Amino acid sequence: MIAHSFTGEVFGPAQRLHGATYVVDATFRRPTLDENNIVVDIGLATQQLGGVLKTLNYRNLDEEPDFAGVNTSTEYLARVIADRLADAVHAGALGDGARGLAGIAVTLRESHVAWATYERGL
Amino acid sequence: MIAHSFTGEVFGPAQRLHGATYVVDATFRRPTLDENNIVVDIGLATQQLGGVLKTLNYRNLDEEPDFAGVNTSTEYLARVIADRLADAVHAGALGDGARGLAGIAVTLRESHVAWATYERGL
Amino acid sequence: MIAHSFTGEVFGPAQRLHGATYVVDATFRRPTLDENNIVVDIGLATQQLGGVLKTLNYRNLDEEPDFAGVNTSTEYLARVIADRLADAVHAGALGDGARGLAGIAVTLRESHVAWATYERGL
Amino acid sequence: MIAHSFTGEVFGPAQRLHGATYVVDATFRRPTLDENNIVVDIGLATQQLGGVLKTLNYRNLDEEPDFAGVNTSTEYLARVIADRLADAVHAGALGDGARGLAGIAVTLRESHVAWATYERGL
Amino acid sequence: MIAHSFTGEVFGPAQRLHGATYVVDATFRRPTLDENNIVVDIGLATQQLGGVLKTLNYRNLDEEPDFAGVNTSTEYLARVIADRLADAVHAGALGDGARGLAGIAVTLRESHVAWATYERGL
Amino acid sequence: MIAHSFTGEVFGPAQRLHGATYVVDATFRRPTLDENNIVVDIGLATQQLGGVLKTLNYRNLDEEPDFAGVNTSTEYLARVIADRLADAVHAGALGDGARGLAGIAVTLRESHVAWATYERGL
């Protein structure tokens, strides 16, 4: 649940400071299941995703140093979250089984009519 | 899609400036249908609800004079919108058929796990 | 999944022959559960609701004798279905336990932004 | 995510040991908002509901002493959860503001086509 | 919200004149974001999609010259809409940024249990 | 609506006998539509999917010989169902038109926050 504003005429009234709820889903992909018959440890994945979101939630993104001069669009934020989750996978934070993951996608739904997904390999 | 902050320890991290998407539903209630077999003219109702939302959307509610010193909680905003729609009904903006409406409820969904509804008579 | 048209200027372009998918939910209400700890036999209720819908589905309602000269609005159809289910309850088609039901509500969702509910006692 | 079986011919194949995911929503109702402009402290409410669910989740309800000889139907479980939340309200676990609550409703959705709600006063 | 009928025994009762609500989503895909950090101008995309849908909404497709002798199945209509949006992209109606789009997908949901998607390059 | 337990520390409390509702969607993919302008006969597809689910529904999977010694995770069950549907396609049970299908995906949603999809060629 963040506040932010956008720069650029294309954004119309969204150039004003406003806000959004993002419901965030992470999807993990792999060619074959691990030895436990799962794609990923959903407990660890939920925990890591929660950790990433905690650094963004209840904030005014216009004042976050990480995003200085950046349009924090839904699609941009999807990439930020996917990249941070990918870092967590590579660091082993999703368990050893997660080393067999082939890709990740993060979807941010800002309402029932607008969402963005960023997909990348692992 | 509004920005706002809350005052009061009960709000925890939501005391910071943050934001929310509200998906807004209005429900109209009456004991019997009008002569066209409808509860309300859905075209006019959508138009009036859209007009009310336009005065709130893409704004920082902390800076709106109408809400000075007020916690613009989801439940409070549901009441504001319901009352403004009720005014529109009484002013005839939803058509003559709408004069037979008995009640109105406005629901604001801020995410898939949190919502508030305000119900009132007409 | 029905076709129909409406009579009356209030309906605008919906005066033309068009159509709709209605996703239909029936809700049953009672003060205390029956001896099996249930509100209603969901199998029988689904069967009876399915039977009612079969008489309406894949039809042009403008040509159904039951609806001659009637605007088959979403709210009107909700009542038709609720009344037919109420008849089934009274006839014992939902089982003996259903005789303790106090009320029924039928909701027709015609899209993600429009729906109507009809509620009645039993 | 519980396992259970039912006793009674009305349940058909659900007399066998099977299971269900219940997505649980709690709704709180009051005539006027508290001094913070809210119905209830959503953080405390979520915490208390989570605590109630933790005593039920990932279990075979047939083996829980609390439910010996009971059909743990969706509607029955909705009442169990509502009553436990009501106890929490009365014990002050949802905060002082929650003492102004007038009612509570608990909905368990077991799939996209079946759910049950239990409503009670406070 | 269209009326139509189908030709072919495979369609069973849907050979009769009936109707459907289609909830239509368009998804745009590109390898990298544009200079504003967005995939597409969602305002222009919504406007163009709305323009395409306006030519189909509240009609009996059996009487539209464009669809003479054609089974206007959900999957067929998804293609029609995707192709018309692709034409709009190529004509510049979604803005200069949209020239970097790589693909488009259109999904029509006719109910909670049936939908079709058509995907194509741009 | 199945009961099952899991083997492996990664599953935490889900090592106990518990249960789940799976809402199951099957998606069929092909490069061009068949002569009726459809991807697949949705009636036959629903019937075949229903037949596959009937062999799993209202059961304790721990006691099914087919799954002896297997973690019947959501992702594993998605594959089982997809493979059985693929067999049905190859056996002609989805009609001659279905011989042009290129792929199939099966999604099992166990709640509003957890799901798994298995995709394969045909």
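Just so it is clear, A, B, C, D, E and F label the chains in written order, and each chain counts residues from 1 on its own.
Just so it is clear, a contact is a pair of C-beta atoms (placed from the backbone, for glycine too) under 8 Å apart; a residue touches a chain by one contact, two chains touch by 3 or more.
Note that this is a predicted model, so its numbers are computed, not measured.
Listing every chain that touches subunit E and subunit F alike gives A. Fewest steps needed to get from subunit B to subunit E, stepping only to touching chains, is 2. Farthest from subunit E, judged by the mean position of CA atoms in each chain, is D.
Of all chains, the one whose CA centroid is most distant from that of subunit F is B.
By residue number, over half of the contacts seen at E-F repeat in one listed pair from A-B, D-F or A-F, namely A-F. As a whole-number value, the distance joining the C-alpha centres of subunit A and subunit D reads 31 Å.
Remark: subunit C and subunit D have CA centroids separated by 28 Å (rounded to whole angstrom). Mean C-alpha position of subunit D lies 42 Å from that of subunit E. Among the residues of subunit C, those touching two or more other chains are numbered 112. Every pair of chains that touch is listed here: A-B, A-E, A-F, B-C, B-D, C-D, C-E, D-F, E-F. Partner subunit C is touched in their complex by these residues of subunit D: 6, 8, 10-12, 70-73, 75-76, 114, 116.
Those residues of subunit D that touch subunit F in the shared complex are 1-4, 13-14, 16-21, 23, 57-60, 110-112.
In the complex of the two chains, the subunit E residues touching subunit A come out as 33, 36-39, 41-43, 95, 97.
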